[in-house]
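Chain IDs A, B, C and D follow the sequence of writing; residue 1 opens each chain.
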Amino acid sequence: MKKIPVTTDDRPKEECGVFGISTPHGDGVAELSFFGLFALQHRGQEAAGIAVSDGSRVRLHKDEGLVSNIFTPEVLAPLSGYHAIGHTRYSTTGSNAHRNIQPFVIETMHGPLAVAHNGNIVNASALREELLHRGFGLTATSDTEVIALMLAAAGGRTWQERLERTLPAWKGAFSLVLLAADEVIAVRDPWGFRPLSVGRLPHGGWTVASETCALATLGCTDIDEVRPGEIVTLRGAEIDRIQALTPSGQPARCTFEFVYFSRPDSFWDGQNVHHVRQRLGRELAIESAIDADVVIPVPDSSIPAAIGYSAESGIPHNDGLIKNRYIGRTFIEPTQDMRERGVALKFNALRENLEGKRVVMIDDSLVRGTTAGPLVKLVRDAGATEVHLRITCPPITHACHFGVDMGHDGDLMASRLSVEEMEAHIGADSLAFLSLDGMMRAVGQSEGYCNACFTGEYPIAVHEAQAKLSFEGAIA
Amino acid sequence: MKKIPVTTDDRPKEECGVFGISTPHGDGVAELSFFGLFALQHRGQEAAGIAVSDGSRVRLHKDEGLVSNIFTPEVLAPLSGYHAIGHTRYSTTGSNAHRNIQPFVIETMHGPLAVAHNGNIVNASALREELLHRGFGLTATSDTEVIALMLAAAGGRTWQERLERTLPAWKGAFSLVLLAADEVIAVRDPWGFRPLSVGRLPHGGWTVASETCALATLGCTDIDEVRPGEIVTLRGAEIDRIQALTPSGQPARCTFEFVYFSRPDSFWDGQNVHHVRQRLGRELAIESAIDADVVIPVPDSSIPAAIGYSAESGIPHNDGLIKNRYIGRTFIEPTQDMRERGVALKFNALRENLEGKRVVMIDDSLVRGTTAGPLVKLVRDAGATEVHLRITCPPITHACHFGVDMGHDGDLMASRLSVEEMEAHIGADSLAFLSLDGMMRAVGQSEGYCNACFTGEYPIAVHEAQAKLSFEGAIA
Amino acid sequence: MKKIPVTTDDRPKEECGVFGISTPHGDGVAELSFFGLFALQHRGQEAAGIAVSDGSRVRLHKDEGLVSNIFTPEVLAPLSGYHAIGHTRYSTTGSNAHRNIQPFVIETMHGPLAVAHNGNIVNASALREELLHRGFGLTATSDTEVIALMLAAAGGRTWQERLERTLPAWKGAFSLVLLAADEVIAVRDPWGFRPLSVGRLPHGGWTVASETCALATLGCTDIDEVRPGEIVTLRGAEIDRIQALTPSGQPARCTFEFVYFSRPDSFWDGQNVHHVRQRLGRELAIESAIDADVVIPVPDSSIPAAIGYSAESGIPHNDGLIKNRYIGRTFIEPTQDMRERGVALKFNALRENLEGKRVVMIDDSLVRGTTAGPLVKLVRDAGATEVHLRITCPPITHACHFGVDMGHDGDLMASRLSVEEMEAHIGADSLAFLSLDGMMRAVGQSEGYCNACFTGEYPIAVHEAQAKLSFEGAIA
Amino acid sequence: MKKIPVTTDDRPKEECGVFGISTPHGDGVAELSFFGLFALQHRGQEAAGIAVSDGSRVRLHKDEGLVSNIFTPEVLAPLSGYHAIGHTRYSTTGSNAHRNIQPFVIETMHGPLAVAHNGNIVNASALREELLHRGFGLTATSDTEVIALMLAAAGGRTWQERLERTLPAWKGAFSLVLLAADEVIAVRDPWGFRPLSVGRLPHGGWTVASETCALATLGCTDIDEVRPGEIVTLRGAEIDRIQALTPSGQPARCTFEFVYFSRPDSFWDGQNVHHVRQRLGRELAIESAIDADVVIPVPDSSIPAAIGYSAESGIPHNDGLIKNRYIGRTFIEPTQDMRERGVALKFNALRENLEGKRVVMIDDSLVRGTTAGPLVKLVRDAGATEVHLRITCPPITHACHFGVDMGHDGDLMASRLSVEEMEAHIGADSLAFLSLDGMMRAVGQSEGYCNACFTGEYPIAVHEAQAKLSFEGAIA
């Protein structure tokens, strides 16, 4: 029987969280990796792995499931060593599943190498073809294996040298954490698409993680971003940073990390995510003011924006929807009964807070747009006299090629319909999106960000960014 | 290796959610039970079961885990029938585990009988002894088996008659859902300790659930409470309600359902839980006003109260803590590193919203009181200049014997320390609890509620309420 | 997808092996139970359990699968105590599965009681009805629960007294092992249908098991049969034996234990099983002599009989068929290809030993008779010029009601067809069965055995023996 | 808790069974692979896999466990296609486990390639180093990956050409089955160490398997050996055979396949294994005649030799030992009690057949020699007056480097002790081994066989055969 998720998933999907740690003492390296990944769990909930090196050998455990299910005390016990990396990922489809779980570990002439990757190399298909034509055999279908094998084959006396020679070939988004026999190396693409930060552990050593929330959980100090194009080496008590590639003239941080992905307590580019989201709400209140009685968020992502919208507009903020916290891992097909009532499995409305009210409902983004209509109806059925939908970013009109799965261009509601058409389709009394400028004002920057999914202006030429699906080549 | 949960759990534990459904058509009865239990998941996350009757035979599936993990399409497929009940429970410890998962199903001279129970029969030990002395053999260690066997042995021509004759013997809290060959029966103790409501299904038939949020999820109309002492029979399109026991002169609904347990979108005693929680916050603001810059909730339970406190006091509301959503199912022992920093695994502070601010932090209750101190420190370390802790109920000084596991009296912080001592121990600039009167004002009633854990005035004599642990008798 | 076993199982099925142990020292009681059950594995391969008492509490572990898969060191570790019983069973079908796995453990007014049972109580349905009418609720669908509950409710100061008062009610086959808080009790029905023996452990204490092969594996001395109608109590270093019921005037040991079930190294009624099987072969050679070139067994059950036939007849013995040892736990549906060639998945022929030869093929019994034809064809296709099938017992014409599952009367080939018809149907050059007298000569007794499946003369009136299937009553 | 097998395994271990199939129709290709592997299960019981190609893509399923446990109908269903290969293997130790399960599948510039391998490439370490130095990264620690990657990187227009160019580099034993997008290719090393045979399927297409017993199970005709150095291509209805390498001047079939490994119903080099084993028994009777009363085999491997010994010597043959059929997958540590009595868990003696008798006990081989002593004692304790141990091959004095794991030289009893010393150590009244000549007479050949483990004369220079363990390099 095929498993069909309970709700067609109308959300963008991040593909990964990465983590690395190197200590002089080797105490609890696997446990700390576990806690680090646990704090990155929201970046990928389908599979996870940890690889540990004791100075010469690498031990690996990876599996499908949540971090807390995969790593029991029995599983962690043998993972002893001084250095470790970890990975949590969104989805591993089909029979590929097990092969594509990370970290990806190989033996090379220079010793073991484990790779954990967040992002998407847009020219991976071409690089893969190159490897195949040089006679390599590839066991997985991911760009991570391409990265690993290119490094294994590169010239240079150290992994850092080999990275410096290989980095120029990789076009796209990559926040990488590598584990060698006696060091952990973090690298970020020169555009700086995806976040990556380092911090000093309270009891000695260094750690690196996709988001600072993981570093905060471990009690790190001296938290700093890995710079675009930088190679950071963690070796016990030492840290070594080299600017390997000139950061791209046009840096391209993913704005969407602020809008949706990152945990509210994370920092990026000097900004706290929760704070930026409040400002997104404020900007929206300024740009798209409306007379109303209550501002409600679509939980959880839009709670900070609703707080900001309320503060700016003076319209009181309250909860209007309760979300079932256990949503997300259910594969029972709804009965006809259930299907008719749309989003009921995920959300219930709070009539007390909505009845007779003109409601401003804040959501972070519209992707496929399939849940917005039912949500508006749910709120209206609970007695709201007006429902005004406000979105904390511009219409998403183009697919992302830099590590976020939003489906193809054609799947995106805003690529097919105008705002008016969307408003009618959704059945809202009004629908407004935050402008690109408004969004960037909230972020506090006007430059250095990727906004391709809103504008179609890809920081890396689109013709290079085609190939992703052709990967699913010969091994199904 | 023993599994030790990541955080000593400083929260009260509900023991159960119950569910029942009867349809004339039999379409998707098991699936609807699944969705019903899924909406009750917060009432118990360790084990669940569904029993279905096709009119003559009862089929059962129960296991440890979350509802969404236990019930796959393969498991649900054979559970066909017209009537069903379900159960989700908090904890099943030790080797007893499997035997004590509900529904509990027996064959009787009157056909099959399945029982799902939320609550605690305080005289169960004595009733159990009676059964043993009548020569019965018992296979489990729960009061649910006592209930089932007493019903099987009772006189009367129908299950309703047998219930009427047996109910008077049961002292304590019981919200029961029974499945017989061709009907579902819901019963509530005459004190009305735990919630239980019925509703009409949109496509025919009736359903009953611990909380109305499950009925709302299924799209029910005509939602009504099962009254204390009432027996409600669901039989396809028909419903039959009889007042079997005079409701106790002193009804005793559990106030703590409003304070902490129930889902915010549920209704009880005519009140919406989210709404009551907002009022708890308002009352607290009135009783314990303080000059401050921001009101923050301890998420998720105290979000509505923080909204209410803010509205009443005029102090702006904001998020100050981010909670890891995946907490709760982790069994890795924190390293020394991690332990030192207390609650870090569960919460991170939002410095942006706290720095330089005088903070009012709202939490629903203090039980063991082990997390409040670390939380105050976390907020202070994030730059708060003052931290004032406000609790939306009175000090909990007595253990509950009516279905809530708060530990023994001695485990309760407030049973050992005065408010001043707690304030000092926790390290808050001030600590205040809502008064009993304030709490009841928020609930909107001054009578008819159990407040024993706050007052020690047990609605049922304490000497009867002793026996629970002696159960763990002969079968370990 | 439904799981269909690879070969329609044309074999009689034993329902159980039972085991018990009591030691003064408590060393490795669960481990010894494991090894005992491991030696009884052939008596039931679908589920197993061990219950251990430490003098006051009983701990239990039971599950589906082979003994060696269920009991890992982790599972055995907490099962510490002085006394233990174990059970391995044939099949647990449907959703009943888990509930019917033994030992069955209850708490009673006299403390814990665990029951492991081999056999079938023919009046169990009536006894069950009695219990139901006394108001009992039953959780399983087995006669074992009836036994346990009747004992719990019986008068008497000791389990021995309660047994004495209850035994007269049980008609049928029962080799029981009971575990109480501080003793193990073994009982055998007055007909003595199923085997049960006790032995002294080399390092102190006593043990009881369905077959002596388990006692031999544990190094026991003083091995002796539990007599029909006897109650044997094992209590540390002590053993206590009382003849509770006069052995039935007409004892009725199951002859089929010698023919097929028991392990060849077991002893029963003073006879070694392998030795009896050799004599079955000898008697067959005498009764049904034929001129031939080679005698081959259908492995494994008929190897000793083929040795005996060869010794008696002077026709050389050799292997003619190789059996895949991993058969039995496969659920892949054979393709059309495979089905056409019948028994190929289980047996291949040894052409070298068969080509051009007149073959006598020995098998122990014909039940449904579906494999005999394909086997004859397999041997003929391998070049045998003649195939003479010889069966080491008489035609099975009646179903067993005493613990062996041969299907219903109508399923039995010999209940529908004469020997000539069977010969033709199977395609053998000749077919002969051992006579009842010949079989009993091989056993060395003419009295005291049940031969009901061959003769229809049930030692216990058939009208009592009807009810078995009506059990599958209200709980599916 | 560490799992320790119940008996120190005193048996040589084969490392693999391989299988391949190609059909024009594609009906049930995965199911037929399942049945093929099921018939090869005795060659490796720890892990198995099947890879299927539908003409362009390869789908794979592999896991730890028995074939019949791994492949359920659900697992086989998606494995549709025209061509398939399968593998079953002995052991996969440590954390390497999952990575080293076969088939090993890679994508290459020439499409997908899956490899299943039986044997051992003695210069694999050197070849692996070569690959590493060419910049390859390796994910597993097996010689199978070396094979796959060398083929991927080889020049040539077809897999056959690439094989022809790569084969000369591989020194050692390899019976390989490869799966490409649209064909299955079988190759055997020029020494012909390990068996490999092809056959025509009854409903169209071809199949290849380590042993003919698998071909017989599938009903194949035209069964023929893949010749040493031959490349056999199966492509639907077509078969194509090319002699790629001149068979080695000194062919070196593994004699031990006849003595111990192969299933008795398999054929090799024109000889039936059961037949050869009977002749081994006959030769032994001739070389080492002794006056005795009964000949018993150590079951199961020595049953045919005991038949032969008996036939030649005239001493009657009978069973003397019963082996527990479920041995082999048990990990419970025997208690002190049990350990003292040695082999009791695996074997019980049949006193009836041994008491007062002079016994000739036949076993196939002595490796570590730890079980022979306890077996002799067991037989003697059962009343045998004399026990004469006869072994159907010469003393094993040297480790195998061609795919059989017998431990290191020093582990081998016969490498440390003379026959007299072994006789004394074992406690037999006499001990005799079959001579090399006697063994080869039974095999029917004097040339073309490897006997290195008996003679130390390795068919391939020993210095090349060292490296095996150094594999466990950088990835633990």
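The rule is short, and it goes like this: a contact is a pair of C-beta atoms (placed from the backbone, for glycine too) under 8 Å apart; a residue touches a chain by one contact, two chains touch by 3 or more.
This one's a predicted model, so the numbers in the text were calculated from it and none came from an experiment.
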item	value
Smallest number of contact steps required from chain A to reach chain C	2
Label of the chain whose CA centroid is most distant from the centroid of chain C	A
Length of the line joining the C-alpha centres of chain C and chain D, rounded to whole Å	35
Geometric centre distance via CA averages, chain D-chain B, whole Å	60
Rounded Å distance between chain A and chain D, as computed from the means of their C-alpha atoms	49
Where chain A touches two or more other chains, by residue	none
Chain C partner contacts - residues on chain B that touch it in the complex	56-61, 78, 95, 98, 104-109, 111-113, 129, 132-139, 141, 148-149, 151-154, 181, 473-476
Residues on chain D engaged by chain C in the complex (per definition of touch)	1, 3, 27-28, 31-32, 34-35, 38-39, 41-42, 66-69, 71-74, 76-77, 201-203, 213, 216-219, 263-265, 272, 274-275, 278, 300, 303-304, 307, 311, 316-319, 322, 324-326, 329-338, 340-341, 344-345, 348-353
